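Look for chain A in each of the two complexes below; its partner is chain B in the first and chain C in the second.
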Partner chain A sequence: MIDKSILLDNKKFTVGIFDNSDKLLHAVKTLKEKGVKIFDCYTPFPVHHLDQALGYHRTNLTVGAFLCGMLGCLSGFTLAFYMNVVDWPMIIGGKPQDISVFTSFIPVMFELTILFTAFGMVIMFFARTRLIHGIKEDLLSRRQTDDHMVLAIDNNEEQAISNEDIVALLTKEGAIEVNASKEAFNTSLTSEEDLAKILNPASTKSKKK
Partner chain B sequence: MGHHSIQEVSHEKFEFQGKAKLIPIVLIVLGAVLAIIGSLQVKNNWDNVGHHAQTKDGVTHHESAPNHHIAHADDHHNLGHVEDTLKESHDETRAHETTNHNDQHTKADAHATVDHADEHHGPTWMTRVWANLLMNSYYFWLFAVAAIFFIAVNYVANAGWAVMLKRIMEAQSSYLLIGSILLIGIIIGAKDTLYHWVQYFHSPAAGNPDAAGYDRILESKSWLLNNTSLFFFIPFVTIVWILIRMKLRKNSLAEDQEKGLTMFKNSTRWSAGFIFFFAFSFSALSWLIIMSIDAHWYSTMFSVYNFAVSFVTGLSVMMVILQYLKITGKMTLVSDEVVHDLGKFMFAFCVFWAYIFLSQWLLIWYTNLPEETTYFADRLEGGYRTLFFVNLFMCFVAPFLVLMMRNAKRSPIVLLTAASVILIGHWIDMYLLIMPGTVGEHAGIGLLEIGTTISFFGIFAFTVLRSLSKANLYPINHPYVLESANHDVGP
Partner chain C sequence: MYTADIRQPLVTGGKTYSDVTQDVCRPIENKPTPSWWLGFSIAVVLFLLLAGTLAWTVWEGIGTWNVNKSVMWGWDITNFVFWVGIGHAGTLISAILLLFRQKWRMAINRSAEAMTIFAVFCAAIFPLFHMGRVWLGYWPLPLPNAFGSLWVNFNSPLLWDVFAISTYLSVSLVFWYLGLIPDIATVRDRATSKARKFWYGFFAMGWNGSAKSWGRYEVVALILAGISTPLVLSVHTIVSMDFATSVIPGWHTTIFPPYFVAGAIFSGFGMVLTLLLIARHVMNYQDYITTEHLEAMTKVILLTGSIVGLAYITEFVIAAYSGYEYEQYAFANRMFGPYAWAYWTMMFCNLMAPQVFWSKWARTTPWFIFIISIIVNIGMWFERFVIIVTSLHRDFLPSSWVMYHATWVEVGIFLGTFGLFFTCFFLFAKFLPVINMAEVKTIIKDKE
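== the complex of A and B ==
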């Protein structure tokens, strides 16, 4: 995935805003065919097959989850073994205090496996996607968190076709709004002047269908 | 979805004739020949082994009555605390016996002694043959049971993803008829040999509290363990299942002729009824057929355990049939997504089986009551010890670690391997369910067992493939067929 702190790099984007996920997906495919490098897409909900169309590889989160599970399983075993056998051996149900009571460790191991996997996955996911509480998202359109989808193309990148052609293509693909040079903004850092711009987006629109 | 999608499901047929038809028949015959050779081997070796055991043990008459745990506690000491407790319980019961306590276990053991003295001569080679037949017929019968349950669950849950596999399930459940006939035939033929409660209820002590061999535990179970159950209840249940299965199949075939929701709604109703009936009847059947082999022992998890075995093996068989059809170039419309989901189901029910296994084992292990631990003590000693752990490895550990990976659930080779491991693992599971209580220490996996399995496999394959060839491979007019064809679980 791409670093979402796009504001920090002072980048300018060619932006197409869609209100239909099928149109967005089709636009991505068309642009990819023409050899355009797409920076990223921002959607308020998961769009099926968009990741394949953008050429992203599958997440490694599952591997992380497995490792977390293993860690949890081992922790559970260590915990139960250390407490029941090494540190404070207790006779429970007339059973010996050694590894032969492994059966009684299983519930602990099982629960800790689940706990570590669940927490590990949530923490890894939040860390990787920077969904940390308090952080304000860098936005290209205010409605990208509501009902609009944003297709962003980095203007600094070499493209196979000219910028005008890209804008024309985006319009043709059914973007409700196309902007050839747009900066990301962040509500936590925006000045009064910027805020006015955001609240009154008509001034930044280059074209409306 | 706005992109590539299947708008219509094609008519596709599976052909089952000529050479393909010959292979199962050859397997049936080959298996039968192997089984006969195997049983003759067993017969010839039996007397030698039996004689040897008798001279060695001298007075241990329990040796040949494996239903009673005290026989085993005598000669094995490698079980750790479980066995220790068992030994204690054994000593205790011995003490009770001498002081004439009117304790339940004393009665049970006294019964064993008396019973053995007059008519019960322990397992003969025929016991092994019958036990082996029961094991294999039950094992293959479970596949069919799982298939019909799967159809019903899909209807009731309004599930769409597996509709493309519906004809496979229907074909698999077609074995229910012949499987039930074989199973019931074998149960009735084997009842005197395998079920010691049948022998008990024929003995003069039955129903007579003052008699020497009176067995309070068995008497308390007489409401279920009786001839009426064997001769009427089992056939009644299986006939109801077969009728519902026929109704569902008839609806399914009728649906191919005309579109609409009529058949779907009707099948949903029948499926709901089936599941309700199935929950009770399958439990009772698993107690009657399998748990009553160890008639003194009981476990409330047992029927769930049998269901878990049934479902996970049924799913594995479904996967094998699906992959077989895919290899032969059929069922190309079944996408990787559906295969992936079936793989997930296999994975999930491996874990479910392990969960149920642990639930049963954990409680018995913790409470440590002699009359309960005897079941596992029998299985954790001698020749069964290795198989016990092999079973756990093949049914849980190996499939769990392999099927966890996403790519594994999308690779036909890995899926086939996993399904085979699960199937062989649960064959061993069945072996562990039935053999310790019937054949005891004389059990083994030889030509007899393998031959019988091959033979049953032949019958199963023939029935299923024949049924598969009789209809379209896809239920073309099922309301969810396009949903299944375009099934997508995302990245």
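== the complex of A and C ==
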């Protein structure tokens, strides 16, 4: 599933906003039991066990990181071996320049392993999570990076229970705000006035508990 | 959730999620305080001193320093090792303590990592300018060239150092930036001015805190911590090999790698404490950086200080036991020679002074910790000075014995790097969240 398509698709969401991570987690579990498909949750900090509750698998980035590390290690060896043994062996301090000095290549191999792992993994993470400089962020609540936790359900998706039931369930689970039809917006690329226009019609429709 | 009742809470003052955001964003969103301007101005003046003395070094040549053919490494390499060592505490806090699940690290890891990066900047200046022709500073890199394929020498620890330090700097930057992304997004969503919206929006890279992103983020942070741990140990190990692989009495010892790593963590924690005690006071972060944090850090100082002290004594005993008169002379000369004052300053600051942290009062009294942290910084600078200068100034050939005193240019460059360091740190404190908000929000209800 692509995380960042919601803005592009102009999707409508049913959102429940929570101010307590335990309530959010409980709400996710309850909705999952009822067979509701949850689009995603948005939290200001990592909520433990939320990814399991949502049914997400552990990321495979570690495999990519391992491969990058292997590549780095190999690059380090190739670099040192080619330069000092194959291309232009230099006898310095009477030390041989052949495979027998392999041990002195280890520090460079080690450092390049770390370098390739770190950069490879972080670049893969950015690509996979679609973190790109200048991309529009899709927010469903302006406070989702501050103190509110958002549970989002795609309105276009077929659900086991009716939309009204979902709204009622979210309210029952302790959501401080429930909105049956909300579009994503962004703060950094919108002026304050436009942002107020986007935010206000939504807030009039919302039901406060 | 399990909470240990005997432990103090990690964040005091009954903070809510919103309080954390407010407190941490306040310096970013408001105009700088007079104390910020004062500190920043002093730092910039020192930074200009750095620019001036470096320009003079380049213009006039390396002869503006007092290094000579006996003492070919003087203040420059002393300062290099000093600054690299300072950096190590940042990675220790963010990586090693993450692996050990020490949650108290969360309030201090951001500023400690920033310190790492700025310290490595400062460190890199010294070898670069010590090479003399700084515009040829790319020569240690393994680049194709027109000198008959004259490649770099992979048998040399100095080359390992090039790889180690540059890897360390870049990996630390990545680790730091990764941790900053969610917090930059928080600032972005609170921003009211156009410039702030644009820049924080740009650097937040569209972060919206989705559960999927957090899941991957936490795995990436864990792996980065996992690889940063051996990295940080390797960096100072390799720095120590710059000395240990030579045949100079006083340098040629196998104890150097662990001894240098312990020393690096020791000096780094000294600097972290110096900085955090000021930041905590000026920015009113007593609820986040509590006396519990100070106590934990002083315990690390006590441990690593004792390891360093043990290493000093071991080194001495091994020299005495070796039956190798040059080694024996090098150590006798350290203790009773013309640089004895530096040796005993080092012994007092690193071995004796931190032992006060056996007392609970000393571990929990901020002004007292501040004094000791300064003493630790001084002591660790002297350690490197003692290792480098006393080993070099009297070598195998008495006709080349010299005394070495720094010139004003060398002193100016060293003071100037403090200017660079603090200029960066003040800018960091103004423009970026000094405390990792996202992580602190996960522990505000915790005791551990």
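One rule holds for everything that comes next: the second predicted complex is superposed on the first by the 190 of 209 C-alpha atoms of A that agree within 3 Å, B and C clash if a C-alpha of one lies under 4 Å from a C-alpha of the other, contacts with A are read in each partner's own complex, and residues count from 1 in each chain.
Criterion: a contact is a pair of C-beta atoms (placed from the backbone, for glycine too) under 8 Å apart; a residue touches a chain by one contact, two chains touch by 3 or more.
Since the structure is predicted, the reported quantities are computational estimates derived from the model, not experimental observations.
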item: Which of chain B and chain C A:25 touches, first, second, both or neither; value: first
item: Chain B versus chain C as contact partner of A:37, first or second or both or neither; value: neither
item: Partner chain(s) touched by A:95 [first = chain B, second = chain C, both, neither]; value: both
item: Touched partner set for A:125, first chain B, second chain C, both or neither; value: second
item: Touched partner set for A:137, first chain B, second chain C, both or neither; value: second
item: Touched partner set for A:58, first chain B, second chain C, both or neither; value: both
item: Which of chain B and chain C A:46 touches, first, second, both or neither; value: both
item: More chain A residues in contact [chain B versus chain C]; value: C
item: Touching partner for A:105 - first (chain B), second (chain C), both, neither; value: second
item: Footprint overlap on chain A, where chain B in one structure and chain C in the other make contact; value: 46, 48, 51, 58-59, 62, 93, 95, 101, 104, 107
item: Parts of chain A lying in touch with chain B, wherever the complex brings them together; value: 22, 25-26, 46, 48-49, 51-52, 58-59, 62, 66, 93-96, 100-101, 103-104, 106-107
item: Parts of chain B lying in touch with chain A, wherever the complex brings them together; value: 1-3, 80-81, 85, 358, 361-362, 365-368, 404, 406, 488, 490-491
item: Touching residues on chain C, where the partner in the complex is chain A; value: 16-18, 21, 142, 148-157, 159-160, 163-164, 167, 170-171, 174-175, 178, 181-182, 185-186, 188-192, 194, 197-198, 200-220, 223-224, 227-228, 230-231, 234, 238, 437-439, 441-442
item: In the complex, chain A residues that touch chain C; value: 1, 3-4, 19, 40-48, 50-51, 54, 56, 58-59, 61-62, 65, 69, 79-80, 83-84, 87-88, 90, 92-93, 95, 101, 104-105, 107-108, 110-112, 114-115, 117-119, 121-122, 125-126, 128-139, 142-147, 186-189, 191-192
